[in-house]
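A, B, C and D are the chain letters, set down in written order, and residue numbers restart from 1 in every chain.
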Amino acid sequence: MNSSVIVFPGSNCDRDIAVALEKMQFKNQMVWHKETKLPKSDLIVVPGGFSYGDYLRSGAIAGKSLIINEVIKSANEGCLVLGICNGFQILTETGMLKGVLLRNKNLKFINKDVNIKVINNDTKFSNKYKNNQVLKINIAHNEGNYFTNPNHLKELNDENLIAFKYCDNNGIINKSSNPNGSLENIAGIFNSKKNILGMMPHPERMVDNLISNTDGVNLFSSLLN
Amino acid sequence: MKITDQVVENHGLKIEEYTNIKKILKREPNLLELGIFSAMWNEHCSYKSSRKHLKNLPTKGKHVIQGPGENAGVIDIGDDDAIVFKIESHNHPSYIEPYQGAATGVGGILRDVFTMGARPIALLNSIHFGSPDHFKTKSLLHGVVSGIGGYGNCIGIPTVAGETKFNSTYNENILVNAMAVGHAKKDKIFYSKAKGLNKSVVYVGSKTGRDGIHGASMASAEFDENSEEKKPTVQVGDPFTEKLLMEACLELMKDNSIISIQDMGAAGLTSSSVEMASKGELGIEINLDKVPCREENMTPYEMMLSESQERMLIILEDGKEKHAKEIFKKWDLDFVIIGKTTNTNKLVLKYDNIIKGEIPINALASKAPIYDRKWIKKKLTKSKVDIKKLKKIKIEEALIKILSSANHSNKTWITSQYDQMVMCDTAQKSGSDAAIIRIHGKEKAIAVSVDSSANYCKAHPKSGGKQIVCENWRNLISVGARPIAITNCLNFGNPENPEVMGEFAECLLGIKESCEFLNYPVVSGNVSFYNGTNRKNIYPTPVIGGVGLISKFKKPISHQFKKNDSNILLIGKTFGHLERSTLLEEIYLISDGQPPEINLVNEKNNGESILGIIKDNLVNSVHDVSNGGLIIALAEMCMGSIYGAKINKPKKLTNLLKYFFGEDQGRYILEIDKGNLEKVEKILKNNNIFYENIGSTQKDYFEIQGELKINIKELYKINNQWYNNY
Amino acid sequence: MKLILAKQPQLNLKKNKLKFSVTVTLKENVLDPQGKVVQNTLQNLGVENLKRIRQGKYFEIELNDNDPQKAEKKVDDMCKKLLANLIIEDYKVNKI
Amino acid sequence: MKLILAKQPQLNLKKNKLKFSVTVTLKENVLDPQGKVVQNTLQNLGVENLKRIRQGKYFEIELNDNDPQKAEKKVDDMCKKLLANLIIEDYKVNKI
């Protein structure tokens, strides 16, 4: 499977995702944001980091880059797009995913391993997980507080477009297992065609037992499936 | 402008120093030249008070590729890998503007590391605040922590370890020391020494503004009245630009374009150009019209003394300008040839086609003053505490009080604000004795830790200096790493005060002794004097940053208990040294006793043996015993685990407070499977190591027979409340 | 007690509502990394004749006070105490 | 060339300098965690009668244009294009 990772000035999880993709046998290419053409890809990843320093609003400036138009075009043609952390923020800024990511409720950067629950495993991104499976995945962000309007929230629920929700060890979704104030504990969402996934947790950090765990592996193997 | 005594003084120079400048120049300097002298001759750049003492530190060893004298130290970790690291202080700016002060501190030390061709792989910090009750402490804590996180998180380098302490000695002068560690290829290290004539001197990075011109010694009286307003002494960090600068430099470093490279740190363009020329025994000519400026109408004086961040100076090989420029253009950074190397051995500054300043390089470097300041020896206090006379306290109560105190509380509130995982090589995060970072794509890893002990150093600087090196060494040993080398940040008061100077001199003697004995050389460092106000100097606070190597990294060793019913061994002798202990300080508010003694022979023997035991895979967990003594160390091994411990009452030492809270040095706790006990005991006996079998692990409870029994979840809670309630 | 109070219609409170805006900006010579990036981005998006953009903070503060002068003094105090760091920032208070 | 240009008095530029301020605030129904924390902190510092604080962004934009109306339109465009996220934010432009 061919993948492309878009690199913006200030991206800093680009190497990490590339390592994970290659480990999972993707044929990966890095694509610099000034480029105007995307290599042929089955998967486009918009990685985490601080594109443009997170200045103005996280993701806002990257959302205006040249390459983004290509990403949108590919997505419209059905290409899979995965936005992680800052990548999720960028995808919402471009409108590819609805809603916004606000400052964390406690106004602090949060880095920790959190539990998330698989809400919909009937997608290209999650078919190797079980529904309601609890994963332990690292988060690292300032703005992960997902917010959207009531209509869209209803759509997310009705159409089963929520990918992951923050939960506790036992899979219970409640206020105290919500790290950042996110609406309904949402940690990741799909677009209506389910070919775009945006998520705050970092699956690429969870592919190596020596460093963390391997709870992120099945996201990549789902894609290969 | 006429240079009066007042102008000289405003530049932080002594009248005798000014006389000396005139003698060297054989004329009066102009204001620009005076500014340059003041930047180069101040304590920060010239090390005029410390150099004499620093010279004695051991700086060589079989792993040392580059010792002190470059932007950072470099050590060999086998194959073609090298580790580049250094620590630096940013104390004063952080007190004025904690967020930006701390952030730019991180930015500065990162530049020191990637300047040498290393990709930074870890950040550490040592931060000291005043008493939690002091009205400024809370906002300083918040500001500093978010500043450190803000910079490191944005640039994408994990902040993996550090230390945080509170003591009223820092009420008016906090300490913010940042350490950076990078990885380079051994044959691709870049130095600041200029070479060759007529080479292009290139300015890259951010534009120059009026930031931080001359910090404290600014000639305020000589500018117009609103100049004070115009010249903020605190810089704003721009981690985004630094990230671009780092990537651009590392990209350019892939081939052979660079002759020499130097970041613009303190005293900006002045010190970077002088340093390159001085090391290369060359001259340098700069055309100031070319310097990219952020603001209008900047004067040569301002350009030369600005401390704007995120800038570098590079000397390029002939014909490489176009290639280099393209790289910096790709990263949207300024790239301007501002001068060339010359054979005049002078710094020549041109502006408007006129020579505005001309100073022999050696006048700024080798002829800078060096002082042998007066210092007096500290007498060891005789005061002894009679424990029997103190108010009785239950062991359990003392334990809980200490675990819930500011200094001994769990630091997750801080560390969860730092990205510790980015780069995906952090195998052990903060919260452990030392962090472990895997070398990317390799089987080996390094361990890193920073440590200080102002309390011990205040009591007896030499023992304190000795102790802190050992504590740092122990932390690395505890995670199974062979300690290789250290960097040090020496935070002291006013060196013109003979007592402070004495603290400095003696601390260094202690550091030297330990480093020599342990074969643990100093490869880089930084001195920060004048910490204190109103004649109140801070406690002497040397901070040691150590790097160790794990050649075959299979799994991280941490201090949490791993299994049920394994044996707990205490390595090293317990005498029950309670003077200057955490117990006395936290419970009885007594802190004027002697520090514990260091026995370097035992220290080395214990450490080496444990390293061997870890290598042979005979332990489940390891922890060194430090502040708070045995009981705190044991409690730490329980917290965060599902296993606690059942500890026997000591057989010999009868005073339980002494046994459990004593701070005797050179001790470790090992958790050993029953099946491995015999093997481990044999090794310990063969190596002549004193040890005690003090109990075993058990589920759920931390217990000292007949004294206390606490649920470990409860302990964890107690240990985690302080920051959240502060 | 509290609950009951909260449910009371807050009519009388409305009367003495005062509203201020505060803008906090970096001092002239202080680097403004955000403004710089915003300016570059707009230029790349084709906006011409941009001379300079500086970014700052904005606060809207509503007070249940009725003396405008005292209230303004209070807002001024807040700026000094918390909203602005006078070493690198300036601020302006406006009644709105 | 450049050198000479830089030294020319920049009088003619001054003439057509226009300056705008932009404030960007979160829409009424969007939670404002920053404002809330600022408000709590001030209350803890002893400030009384605080009804509400909302935090937003502030921009000062200088243009080398001479038609104020066209310029204002341009600033309005910048807001729509980049400075504000209209899903959650409102903005206001003022000539200053």
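The rule is simple: a contact is a pair of C-beta atoms (placed from the backbone, for glycine too) under 8 Å apart; a residue touches a chain by one contact, two chains touch by 3 or more.
None of these values were measured; they are calculated from a predicted model.
Under the contact definition, chain A and chain C share the contacting chains B, D. The chain pair with more C-beta contacts between its two chains, of B-C and A-D, is B-C. If you average the Cα atoms of chain B and of chain D, the two centres end up 40 Å apart.
Chain C and chain D have centres, each the mean of its CA atoms, that are 11 Å apart. Between the CA-based centres of chain A and chain D the separation comes to 31 Å, rounded to the whole angstrom.
Annotation for chain B: residues touching 2 or more other chains are 238, 240-241, 332.
Shared contact sites, meaning residues of chain D that touch two or more other chains, fall at 57, 81-83. Each of residues 52-53, 55-56, 61, 64 in chain A touches at least two other chains. In the complex of the two chains, the chain A residues touching chain D come out as 56-57, 60-61, 64, 93, 99-100, 102-107, 145, 147, 149, 181.
Considering their complex, residues 96-97, 100, 206, 209-211, 229-238, 240-241, 294-295, 308-309, 332 of chain B touch chain C. Within the complex, the chain A residues that touch chain B are 9-10, 12-13, 15-16, 19-20, 32, 34, 48-50, 52-55, 108-112, 138, 140, 142, 202, 204-205, 208, 210-212. Considering their complex, residues 30-31, 33-34, 37, 57, 81-83, 85, 87-88 of chain D touch chain A.
Of all residues in chain A, only 52-53, 55-56, 61, 64 touch chain C in the complex they form.
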